[in-house]
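Once you scroll down, you'll see the structures, which are given as structure tokens.
Two complexes come next, and they have one chain in common, chain A, joined by chain B in the first and chain C in the second.
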Partner chain A sequence: MNRQTGGGPLAVGYALLFFAFLFGPLIIMVITAFNSSSFPRVTPWECFTTEWFGVLFGNGRLMNGLLNSVVIGIGVVLIAVPIGLAGALALSELGPKLRAALYTVLITPILVPGVVLGISTIVFWGALGRSVGAGYDSMFFNGMFLTLIGQVTFIAAYAMLVFIARLQRFDPTLTEAALDLGATPGQAFVKILLPFLAPAIGSAAFLTLLASFENYNTTVFTIMADSTFTTALASKVRLGTDPSLSALAVIIIGITLIGAIVNEAWTRRAEALRSGCAARSAVYGNPALAVIVHPATVLVLLLGLVGYLAWSGTQHDAGVCKQQILDEKLARQEQLLEEQRQRIRDQKAAEEATGTVTKPASPSAFGGAFNGLAPSPAAPATPATPKAPSAFGGAFNNLAPKTD
Partner chain B sequence: MGVLQQGLSAFTRKHGLGVACFIGLSVFVWVVFLIVLPQLSMLDFSFRYNLPRAEVGGPADVYTLDNYAYFFQGNDGTFNALDIGILVKTMVAAVIVTVIDIAICYPIAFILAHSATGVAARLMVIGLIVPFWVNEILRAFAFRVLFGATGLVNSIGLSAGFWDVPIDFIRADVALYSGLVYAYILLMIFPIFNAVEALDRNQIEAARDMGASWWRVHWRVVLPIAKPGIVSGATMVFMLTAGALAAPQILGGPSNLWFTQLIYQWFNESANWQRGSAYAVVLLVVCISFVMMLMRVFKVSIGEIGR
Partner chain C sequence: MTTKDIKLDHVSIRFGAFTAVDNAHLTIKGGEFFSFLGPSGCGKTTLLRCVSGFTEPSEGTVSIGGKDMRGVGPNKRPTALIFQNLALFPLMSVAENIAFPLEVRGVGRKERRKKADELLDMIALPGVGDKKVHELSGGQRQRVAIARALAVEPDILLLDEPLSALDLKLRHHMRTELRAIQQRVGLTFIYITHDQGEALTMSDRIAVMNAGVIEQIGDPETIYNKPKTAFVASFVGETNAISGKVTSQSDGIVSVQTPLGVLKGTAAGGRHYKAGDECFVFVRPEQLGLVGAPGAIQSMDNQLTVQAVKEEFEGNARHLFLNAQGQDLRLSRTNLGGVSDHLAGQAVQVGFAADQAIVLPHGSLAGA
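Let's look at the complex of A and B:
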């Protein structure tokens, strides 16, 4: 950090605060996945449990949606990446005026609300289907097909942006040199431009897959009666929440972290190799360390760790602890009931002491209509075996030990 | 057409006929069948009556302004304060979220571009990207866990004695605003970062040497450079916030509708696609004209978006 450019403790403090905001909610969600409380929360902490993972995998709709999402995601990658590449290449060759116009058209799907894209997709393909006389079971009304189309519309633009960024660094004289040396234009494309774009193809594929998997706004309209992973998730969150969603977050965050770490190991290694100082660097020069920081080793180690954690998770049994919590709850309720009974007894005793005077003097204003409802002092408290009104509104009646 | 032919022949010369055909066909399909025709058919659809399937294309299937009239006047021909109010509220909320995002992200983008170096900068970039690999729904869910009646914020506040009864953050829209601000941070930071990175550090130092205070340096030197990035990021954040559906569905209070939720209701609950389309057109037109106005005010062209 340097002082001239506004660094210093203030900047460090702000950055820390910012990342706390970025990671805090995720960390808390991860913690709730291991709390046995049936509502996702950190406090009060009940028991450490891994049962929510089981609940998650038992959710048929989510798992079915996952399968649909994978199919759609692969389809989107296969269509959106080539279309995005074509768009980027077209932009790179056109004259400035046409280029600006085409860019505006191609970039709008990113800016247009996803809801609008979804609606326009189903309306257009539905109309097309009707005009060719196709029935409701044809592909024009098939949720998977429509989702694929609707997602490609804007995800191809993401891919295009990745390719544009890469193409800006391309040296067109390379293609010209290949043509001068006798390559056909097609050969020059395959041997010069495509290899140059290879890293961008990789990142575009990753980005499009992620975008397809994550998308909700467009998909919720185009998927019709089916569901993808994200729409199934959303309807689950809207209907009611339990910590199995946190368990899902744990899995996704785990995958994300592994991916990020392996990717980091890979780029560092590639950089060290490219700059040629690999042999001299302390890490990559040492054979043992070089093996350890190799991305494949990192991946295997991390997967091993995850496998071990998952295995020990399945061995964990929270039953004892949960029974204990339940017992504690019952005991607490018993105590409350006892206190209430005591209060009623005290009340009755007090009434009996002064009751003979006050009772006739205070006829109920409601003509006794509410006597059955309210434990008013005017009502003769008859219950000898106190059927105490539960503090929990009877919600725990089937749990509580019988009071009589 | 002549321009297109010229372009195509340029491709053929450079990349070969096969590649030229691939490019031409892909862009054609994308522009015509995925972008332009669907939007036009949605526009067409919004001017039609909601008819049973048998009558579609029949004599009753004529154009009408009914769906738009409903948006402005409601059923009884008076001012439709409810739906218009929701639209206005959505727009205002989107502006608020955008402004908060600018305020949060500008310092971070600046720190990332000019103060952080080496490992710190790398870690910051990874730390920025990784949370956004997590599903949007789950991120919204995290805020619900955080701000719920028995959430962490409430239990800390209660046990520390800041307040006595649980505060309903969901109803107060605190959860919704935080969730939306969080959701689009990345889209704000990277455009600003790209713009600020181009700034020559010597300019800042020169301003400092001449005795400018730190806020003056930012106001007079850094902000003008960052402006295109800020407008680009603000455009994306505004459009996405106004068009958000998941976060309002999950984090919105029971009495609080987002305009996209209204569209969703017309489609999925009332099964009136035509009216839903009309509402979608309204949303699109309002959003785009607002952004165009903003771009004109700040003198930025759409070509700079997404850089």
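Let's look at the complex of A and C:
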């Protein structure tokens, strides 16, 4: 690297800082998922454990929310993509004035805050339900249905934007040519326009699925008594967090990585095939290597790796280590308590000897109740620890020395 | 193959207040190579889209083979249109493109491929069936578009300036090719162009259009030699237009008072002029000759003394640009291999025969 192109220690340092900023939180989160500490943290490292994955899958509300999210997500894709396509096609057929007006109307749901959309969805459908005399167990008050409808109102506009961008590059004479060559309008649509739009349909489906899955603002209102993954997660975080969320992050990061790697294999292979130099390249020309770098093989290998890791994870038992940590903590606690008792005894002895009252060694507001914990290098509170049943999962234990 | 006449019966096409085609009335005979020639925006493409069914006429009727085509969609008409940009389907292979008309008619895969290969043989492009469209050259794409249109087995092939995107050499080659294909398959070709060279070389008949109006219909020689209007005279081929007023007419010869003096020309189409009529005298550059030059005619009906401004060499011809009393003239001589006589800057004598000059009433000129 030379200086003209922006090299030098400053640039390298900046780049490292930048990547640390991007990936640091993710890396720390991944590490916390395997620490047996009941609060997600890296230090102090207690035991390597895979139990948080178990905790995650054992959380009924979260898993039920995940199922709801998947159902709603698929529903939203199936409804929003055709609506978005229809909207984009309508816009492409209109004159400029009408197009501007319709565009504004169709795009408005994106600009309206999600909260407003959520509330107006339940108000509207509730009123509609009551006006037709439907009961509270009807679909007008069904969280899944309302969420589906509420999300489609604005997610369809996202899909429409994707299709508009693609349609701008469509040559309408192609449709005319198809008609002229004897195709019916339906055939022209299916055989000419749809194949052209195929990449846009793919990205619109992906975009709408993600938008539905991660939506909170609207969903939190429309889901009513049910919960989606996002709302369940949010309420879980509100009530206190544990490393099972980090375990979830590990899973999501894993899925993303696999997707990215397979996609990269796919792109490179397609590029090599298109440029026609596949046969000459060292990798794609070699029959064995060509099979290995095929995206399907890559996917199978990665899934196999994940499967193996998951299997060996279930075999791992952190019980011994955790017991050891627990014993250590208990011993340390016992020792500290003993030291405290000793101090008190010494004080009493001194008082009796001098006949005056001296201040305790630590003027704690808690009357020295935490003195015994203060020097502890390790958090004493795990769910198994009977001594500190903290509502915060021991989260603030390591703050204790500050009161000293 | 049956050949069907196309009848345009007083067809007008309007878009709002704008009249794109004004009262087109003509019959195109089956098996004919018919061209619509005109500058861009003259309504010729609109007329073509009207024949192919993309636009309905505002007035009048289009009938093909005696059948009124009103309400018949483009996919139901016995026409196939070759678009200006060809409109080949980019996501399909060449063979799939050519077989598309068969595909939408429910012909099986094997038979489609067979027919596509036959057509590829016919356009002399065997073995490119599996290529993508973008892998072909401009001229090859051109021929694929023709093959695709022929797969419809139409009675009439409509071509909308299909050669305009090609380079000059290829354009000249494709002219011959198109004409050959037309004669081989015996279809009616309706050809749209703004290039008079294309129209003149390929067509059986030409309709010259200007601002939505068909100015003249005739075979290429008639259009070139005996234009009926000032527009046709000036649009088809190079010409010198000299404005003036009629002074007298005797038989077919008209005397016209122009800034260059009194010029004599032939009254086109046996027309009669009154003294004082505003008119143009049209002389083709190749009909203008140098008087007194070696090998040239020594005396002509009309003789002018003009200033030679500059000379241009175009390979097959030399063009001499002349000026007299503010009137620009152009004189072309076939290059016979001699060297330039360096006339630029000199006063020269030029002249033309009265029967080679055409006198036409005042009217709009092309490009003016």
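Operating definition for what follows: the second predicted complex is superposed on the first by the 336 of 404 C-alpha atoms of A that agree within 3 Å, B and C clash if a C-alpha of one lies under 4 Å from a C-alpha of the other, contacts with A are read in each partner's own complex, and residues count from 1 in each chain.
Here, a residue touches a chain if its C-beta (ideal position, glycine included) is under 8 Å from a C-beta of that chain, and two chains touch if they have at least 3 such contacts.
Remember, it's a predicted structure, so these values are computed and weren't measured experimentally.
Chemist: Kindly say whether there is room for both chain B and chain C on chain A in the superposition, answering fit or clash.
Modeler: fit
Chemist: State whether chain B or chain C is in contact with more residues of chain A in the superposed arrangement.
Modeler: Greater contact footprint in residues on chain A: B.
Chemist: Going by the contact rule set out at the top, does A:144 touch chain B (first), chain C (second), both, or neither?
Modeler: Neither chain B nor chain C is touched by A:144.
Chemist: With both complexes overlaid on chain A, does A:181 touch chain B (first), chain C (second), both or neither?
Modeler: Second partner only, chain C.
Chemist: So, does A:173 touch the first partner chain B, the second partner chain C, both, or neither?
Modeler: Second partner only.
Chemist: Now for A:191: first (chain B), second (chain C), both, or neither, which partner does it touch?
Modeler: Only chain C; A:191 stays clear of chain B.
Chemist: Would you check which partner chain A:55 touches, where first means chain B only, second means chain C only, and both and neither mean what they say?
Modeler: Neither: A:55 stays clear of chain B and chain C.
Chemist: Pick out the closest CA atoms of chain B and chain C after fitting on chain A and give their distance in Å.
Modeler: The answer is 8 Å, the least C-alpha separation in the overlay.
Chemist: Once the two structures are superposed, pull the chain A residues common to the chain B and chain C interfaces.
Modeler: 184, 187
Chemist: Can you tell me which positions in chain C touch chain A when the two form their complex?
Modeler: Checking each residue of chain C against chain A gives 52-54, 73-75, 79-81, 83, 85, 87, 89, 91, 100-101, 103-105, 148-149, 151-152.
Chemist: Quick one: which bits of chain A touch chain C in the complex? Just the residue numbers, please.
Modeler: It comes out as residues 171, 173-174, 176-184, 187, 191-192, 195-196.
Chemist: Name, in rising order, each residue of chain B that touches chain A in their complex.
Modeler: Going by the criterion above, the answer is residues 3, 7, 10-19, 22-27, 29-31, 34-39, 41-42, 45, 56-57, 104, 107-108, 110-111, 114-117, 122, 124, 126-131, 133-146, 148, 150-152, 155-156, 159, 182, 185, 201, 204-205, 208, 214, 217-218, 235-236, 239-240, 242-246, 249-250, 260, 263-264, 267, 273, 276-277, 280, 283-284, 287-288, 291, 302-303, 305-306.
Chemist: Over in the complex, which chain A residues touch chain B? Could you list them?
Modeler: Checking each residue of chain A against chain B gives 1-2, 4-7, 11, 14-15, 18-19, 21-26, 28-29, 32, 39-44, 82-83, 86-87, 89-90, 93-95, 98, 100, 102-117, 119-125, 127, 130, 149, 152-153, 156-157, 161, 175, 184-189, 193, 210, 213-214, 216-217, 220-221, 230, 233-234, 237-238, 241, 245-246, 248-249, 252-253, 256-257, 259-260, 264.
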